[in-house]
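What follows is a short report on a single structure.
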Amino acid sequence: MQDFEPKIVAFVCNWCTYAGADLTGTSRTKYAANVKIIRFPCTGRIDFMILMKAFENGADGIIVSGCHPNDCHYSTGNFHARRRWIVFRNLMNFTGIDTERILFSWVSAAEGFKWADVVNNTVAKIREMGPYENYNKIAVSTLLKEEVSNHE
Amino acid sequence: MKIGFYPGCSMKGGAREYQESVVALAKVFDIELVEIPDWNCCGATAAHNLNKELSLSLPARIMALAEKEGITDIVVPCAACYNRLSVTKHELAEDASLCSKVTGIIDLKYSGKTNILNIIQFIDKYITDKLEEKVVKPFNYNTACYYGCLLVRPHAILNFDRVEDPQSMDVLVKKSGGNAIDWAFKTECCGAGMSVSRTDTVARLSGDILKDASDRKAEVMVVACPMCHSNLDMRRPEINKYLDEKISMPVLYISQVLGLAVGLDAKTLGLNRHMTEVILPDKPVKNAEPAEVSKKVANPEKMEA
Amino acid sequence: MNELINKVTKLLNDKTIDAFIGYGQGSTDRVRAIFARTVEQASKLIYTPACTFNLSGYLLKHEVKHLGKLGILANVAALRSIMQLASEFQIKDGEVYILFVNDDASLTEFSDFQSIEAFLEKANIDITPDEKARIEKIEAMSVSERWEFWNKEFEKCIKCYACRAACPMCYCHRCTTDVNQPQWIPVASHERGNLDYHLMRAMHLAGRCINCGECANACPMDIPLNLLTYQLIDPIKTGFGATAGMKADAVYALSTFKPDDKENFII
Amino acid sequence: MSRIGVFVCHCGENISATVNCEKVAQISKELKGVEFSTDYKYMCSDPGQTMLKEAIKEHKLDGVVVAACSPRMHEPTFRKACSEAGLNPYLCEMSNIREHCSWVHPKDDLTTEKAEDLVRVMVEKVKKNKALNSIKVPVTKTALVIGGGVAGIQAALDIANCGHKVVMVEKQPSIGGHMSQLSETFPTLDCSQCILTPRMVEIAQHPNITLYTYAEVEKVDGFIGNFKITVRKKSKSLDEHLCTGCGLCTTKCPQKKIPNEFERGLGFRPAIYVPFPQAVPNKPVIDRENCTYYIKGKCKVCEIVCPTKAIRFDQEDELVEIEAGAIVLATGFDVLKSDFFPEYGYGKYKDVIDGLQFERLASASGPTMGEIRRPSDGQIPKKIVFVACAGSRDPAKGIEYCSKICCMYTAKHAMLYKHKVHDGTPYVFYMDIRAGGKMYEEFVRRAIVEDETQYIRGRVSTIYEKNGKLIVKGADTLMGAEPVEIEADMVVLATAGVANHGAEALAQTVHVSYDAYKFFAEAHPKLKPVETNTAGIFLAGACQAPKDIPESVAAASGAAVKVAALFSNDELTREPLIAVVNRQAPPVFSSCVGCFLCQSVCPYQAIEREEIKNRNGEVIKTLAKVNEGLCQGCGTCVALCRTKAIDIHGYSNQQVYTEVMALLND
Amino acid sequence: MDKELKILKYSDLSKLIERFRSKGFPVLAPVQKGKVIEIEPVDTLDTIALDVLLSTQSAKKAAFPKVEKVLEYTLEKAAVKQTAIDPNAYAETILFGVRPCDASGFKSLDAIFGEAPSDAFYLNKKEKTTIISFSCPTADDYCFCTSVGGGPGYTAGSDIQFTAISKDELLVEILTEKGKKLSGLFNDLLTDASPSIDKEKFLADVKVVFDLDKVISNTTAAFNSAELWLDQSLRCIGCGACAFVCPTCACFDFQDEQNTKKGVRLRLWDSCGFSLFTLHTSGHNPREVQSQRWRQRIMHKFSYMPEQLKVLGCEGCGRCSRACPVDMNIKEHLTSIALQ
């Protein structure tokens, strides 16, 4: 477990968190390289299925982040996203998907330091939790590697 | 209801009447205060200047002992003790490594979940709701509420009342039937730190406080801290000398004021222990009717009729 | 039962409706949906305690719609389906003739959606205590136990889509499962394909499920699919104040919001 | 088969210091579909862009990935370069290997690997990109100016003088704002109203300007070039066409003791009133909360005395719809409520007042006709204390920032006082004197030297009343932190300037962002100081941050120029990154099932209904349709759509799906 | 070969499983899982549900699983590199405790997959599977095997068939060479059976309900009888439950699952009941409505297959009717077709 480098995908909105992460860079604040960002126009655009795809393709952790309530560039996208997350998180929890591995946050364009904190804390936490074994068992890569089996 | 009670040194010495009045008042409201067994000094005044870990370990031990007894709320009437316990709780909550160091020193389990209540918070949490219905002898005096420093500062940690213009005791005095006067010295320094070493400074600082209250026609001063009390009460000869004026205004603890209002006698409340004699002449009660009746009168329909 | 047959006969005779969707005798111990288009067919209508399943899904079936103006025998679940479908612009007021059998076997006919809404306000729409207990049992498990539990259940799934076909809210002509650019949901009925499918379906029914239970009833592999959507009913009701299938003009819980929606996990 | 070009930028050493750019380019060359790959010192430089263009032509590239800084920085640059080389600009994507990689990670293999990952993701994404054409939208050449203070007035006049229509909406019964309340202005000490009122009149008379006073913006829909605004004109209980502004009603109104807002409570006004004599429009309104008729149902004195019968008691609020192409926010500021400082006794002691109240006392048209008399007993104060930073620069109880104007107006107050009360002594408690600005420092020196103002560097701890005097206790930190006690006759608090009450709600109504202090946020603190993040909405004056008059006016003119520039074209070009509902051949038409759950999520009301009819004209299917002009491309509908019938250009399902795939499978 | 009749003590049955397993043969058998009975790998007799009527799904997955990998490939810079899956990489397997209809269902599958070009994946698995069926002592209302030429003691497709003839004894019919070879593992436990044993006595009574020839001819003739198909299928909701539990349904779909670097090709079950089954890319669907899909299902089994492959596409197990969420009862529908 010592060498475990977690794979973490961050789904962020363009206007707040992406810009916030830009500010982290501009401020030269260091954070772990494990997190890679995928840019969305708005958290409202983030489909719950894309989170499932991330786990299926071997992500050990996920960060979803956007504008603080009332700050959405599109005025309400993050409110809709928040409802969706509340429900989806409930469903994940009920079906035994480890919600500890998905971090939801509001990081504004001004919160460069918060972004570094969010990343570092998440990486540390996932590192401690280890690889997402349960999901890895059914991941795409597993199917690709698997030997021909007789009975499913 | 089992509520923890931390007396600290004052309650067992110079401020015995404070403890007596708190316990007597609690009893009126069927509240049992349990003294924390094997309690120790809170480390006030000196410890935090000398040794940080010691200054945190002393209060931490007190809280840990309370936890062991299953106590969730500790009443700390002395403002200095309250301040030390609260600051310790805050510091240990903020710094996990410091916390583990301190728990190592005291060798007791410490979760930091115990509530620390000063005398006013205690009254507000358990008594205020039922106070007005129990008032039998309204405390019908012009009262200057004096808060001092330790009760409300630092605000960031204690988060209690307004720092510059606190109101919590004023509210209690009003509920006891008194008239809390508006005055300017509520949080001025009484000189507590120099209580023994520089009595002349104490006389000046406490004197200004008493003088302003007196000028504004206060008949009695109310405090919630044994240090304030000792300065304003015990140092009265020095104060009067400094002011060149005899101020005979008694200084009472808030628990004593409430005690009088709910009908406890002077002896039970330890009023006889004060240096400045407590003379509170009976005054005609302005509004003898209970609050509820007056509400009914205010009913507009009735007034029309 | 006679009252029902007489009523439907009359409706068919006076051309109020062209077809009536009701219950008829099925194989051995089963009842099935029948579509009475003639007086003779109407005489086969039955109403027994076994007639509990939700017929409303047929209202959107292409060939059934083509029978002409429809009447339906609706139970509470079907009434709620109709309300939900109305709120999603799939059924218009007055489009369908709706009958309901009361406890005393008398018939109620609903003149408009408003009367259904008023009726539903008083109806028992809760999930059964047994279903509730099953949800609580799962909720009491640890995260990994829940994962194991559902993995075992989903393993059985053969992707026959009976759940989807039976669900009155699964009326999309092109389900997400059928979208292949990109292929969001693997077609294969392996563990991942099944997990993705069922989570997707539960999510798409969140706030829309009217707890008729047809998905679980339909499942040939006996997977308790209904629990997935049922357990979201309460959070959506308490969190957002929304219950599916109660109002014909309701706004879908997930396409609206309140600025102060409560959550405790976003940092 | 794709032919993608990858261009890895060193950004001088900004990227190459921690990322092995050559290796990134090399590895990327091995990716399927990558035709060309290189690295270069400065991709954004002229030679860099030229290289990009030449590579597009030479290698017939059909997709470009530039791995460099944040796309928020240079995406437009490289898209433009692609366009110039004949490649559709939307076939160009950027990998952010600077802000998100080289600047935040140390120099090691992991950092280079991350850069490789980020490039790979964009290579895969760009394969799914579609060539798009920008959208043209018409521009309505009318500007809405919200707020009629000096900033709003300036912006409105500038725009109107460019020949464009302007609608000005002011909350109060008169325009003029805070500037109309001021006595004289620093650093010239010229009369505030003398310079402002002519401009107010100009607003009223300008043929291009429509003025709505006593009105508020209720709703803003639409987007740049095409805003639809609903304005609520509150009922003035008056037919403004009939009213001549004679003022008879205001003198006869029996309600006379209503605290006058314009005088900051230092004077009174009737229930039917004109806020101040030079008000524009100079016609009264009835304050219904205090009017005897509205309270008790009888009175109507004003109606009886009105010579033109202009009073309308049953007048209702009116909603006005405005179409505008741009919006200027000029809603100004407010002063901090003084109850932050109970120890200063504001509200408790009548003679503790705030700076704006002092302005009224010093104003020739004010309640004392310009004489400095204290509110409690009308006496002329002989000792007056000004407390600067009453709330400003005080994170504990007030606000963290410097309110910027207080140093100057406090100096001005001291001077005005001294000019009027020659034997009086003004004291100023201050933290620092901030007098940056043309003639500002000189002005403060004058207050100190010529007008003998006693400046005490220290803060006031408490103020209390004793024997008719206000005891001001403070410290003089330049004299060894000696405690100071001044027995003053009057105290003036330079209370902090804060965001206007309701600024947050207005920001949410017009959809602009705001900072932690509720001031409206500019798009960029240096380069876009008068723009907001919402296209077509601009900022003027103190609604953005505390500003003095010259700054407010300058910002207003800046905003006006932005509006004029926007109005200089009949059409506006917009990015085509918007949502679209798929269409298919009959009998399917679209995978949309017409549930319209997307309709209520759309923040821009961009989802419309489209009916598909057969040859007989019967509706056979109703589909969702996205209005291209209204859609802003948030994609919330896309995530909600169950059939995936709605997708969004630039962040399509294919694109984001591929990105995840590419990111996690190396 | 001629069949051999033997007797096996019921108490020795567990030894059979033990011996198969100790030889390394996977044993697939019905297992009760809640309300459903699945065909699964087992290790001991006690996990096998022998006294149930029928497994929920048919046994076809032994040779035709619901998900089957048929190809692997990697996406390289210049080309796609394929790696074929070896269809022979399949262990000798014993399918145990299934019913005669399950066993005979493989006849239809053999015909479908055996038709040129033959399907190596299926045929190899089938070749390596030895089927030990148990005749049916009970039947229910959904069973109609006797109407389609089978029966509770039908032996076609089975390599060995067991019939319980008393509480303690099983009649063992060794039917094929494969069966004979396998019986070598437990010959010692067998005793000779008297040829006079009347197997029929121990079988369920399943009545013939329709004339199969009539069904075949009427079906073929009814292609254009839209009303008939609509009438029968109005309540059909178009799921695939019937096809997926059917022992003879063999339609499949290919799907590639891949990431940016590599992928696999999977063969998956498909069903003619799905609307997407025949959907063209253009948007046109030759079987636009459910009644046409229902017609396809019946015609495929009772007209096209007999005509082209000389086998019937139905074993009369009734699984489709039991699994149908809306009570589409095939026995009833076939009866009505026969009476047309």
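A, B, C, D and E label the chains in the order they appear, each numbered from 1.
The working rule: a residue touches a chain if its C-beta (ideal position, glycine included) is under 8 Å from a C-beta of that chain, and two chains touch if they have at least 3 such contacts.
Every value quoted in this text rests on a predicted model; they were computed, and no experiment measured them.
Trainee: Chains shared as neighbours by chain C and chain E?
Mentor: A, D
Trainee: According to the touch definition, list the chains common to the neighbour sets of chain B and chain E.
Mentor: Touching chain B as well as chain E, we find D.
Trainee: State the smallest step count from chain A to chain B, taking one step as a move to a touching chain.
Mentor: Minimum step count, chain A to chain B: 2.
Trainee: Between C-D and A-E, which chain pair is linked by the larger number of C-beta contacts?
Mentor: The comparison resolves to C-D.
Trainee: Sort the other chains by how far their Cα centres are from that of chain B and give me the top one.
Mentor: Relative to chain B, the chain whose C-alpha centre sits farthest away is E.
Trainee: So, comparing each chain's Cα centre against the centre of all protein Cα atoms, which one is closest?
Mentor: Smallest offset from the overall C-alpha mean is found for A.
Trainee: Distance between chain B and chain C based on Cα centroids, please, to the nearest Å.
Mentor: 64
Trainee: Taking each chain's centre as the mean of its CA atoms, how far is chain A from chain D in angstrom?
Mentor: 33
Trainee: What whole-number Å value describes the gap between the mean CA coordinates of chain B and chain D?
Mentor: Taking the mean C-alpha position of each chain, the two centres sit 48 Å apart.
Trainee: When you check chain A against every other chain, which residues touch at least two of them?
Mentor: Residues 48, 53, 57, 70, 76, 80, 84, 140-141, 143, 152 of chain A each touch two or more of the other chains.
Trainee: Got the chain E residues that touch at least 2 other chains?
Mentor: 66-67, 257, 259
Trainee: What are the residue numbers in chain D that touch two or more other chains?
Mentor: Residue numbers touching two or more other chains: 588, 601, 640, 653, 657-658, 661, 664-665.
Trainee: What are the touching chain pairs in this one?
Mentor: The complete list of chain pairs in contact reads A-C, A-D, A-E, B-D, C-D, C-E, D-E.
Trainee: Quick check on the complex: what are the chain A residues that touch chain E?
Mentor: Answer in residue numbers: 57, 140-141, 143-144, 146, 148, 150-152.
Trainee: So in the complex, which bits of chain C are touching chain A?
Mentor: 138-139, 141, 143-151, 176, 184-185, 190-192, 195-196, 199-200, 202-203, 206-207, 228, 231-232, 235-236, 239-240, 253-259, 261, 263, 265-267
Trainee: Which residues of chain C touch chain E once you look at their complex with the stated criterion?
Mentor: So the residues of chain C touching chain E come out as 26-28, 30-35, 57-58, 61-64, 156, 158-162, 164-166, 178, 183, 186-190, 193, 214, 217-222.
Trainee: Quick one: in the complex, what on chain D touches chain C?
Mentor: 588, 591, 593-601, 622, 640, 642-645, 653-654, 657-658
Trainee: Contact residues on chain C for chain D in the complex?
Mentor: For chain C paired with chain D, touching residues are 88-90, 171-176, 179, 181-182, 184, 204, 251-252, 254-256.
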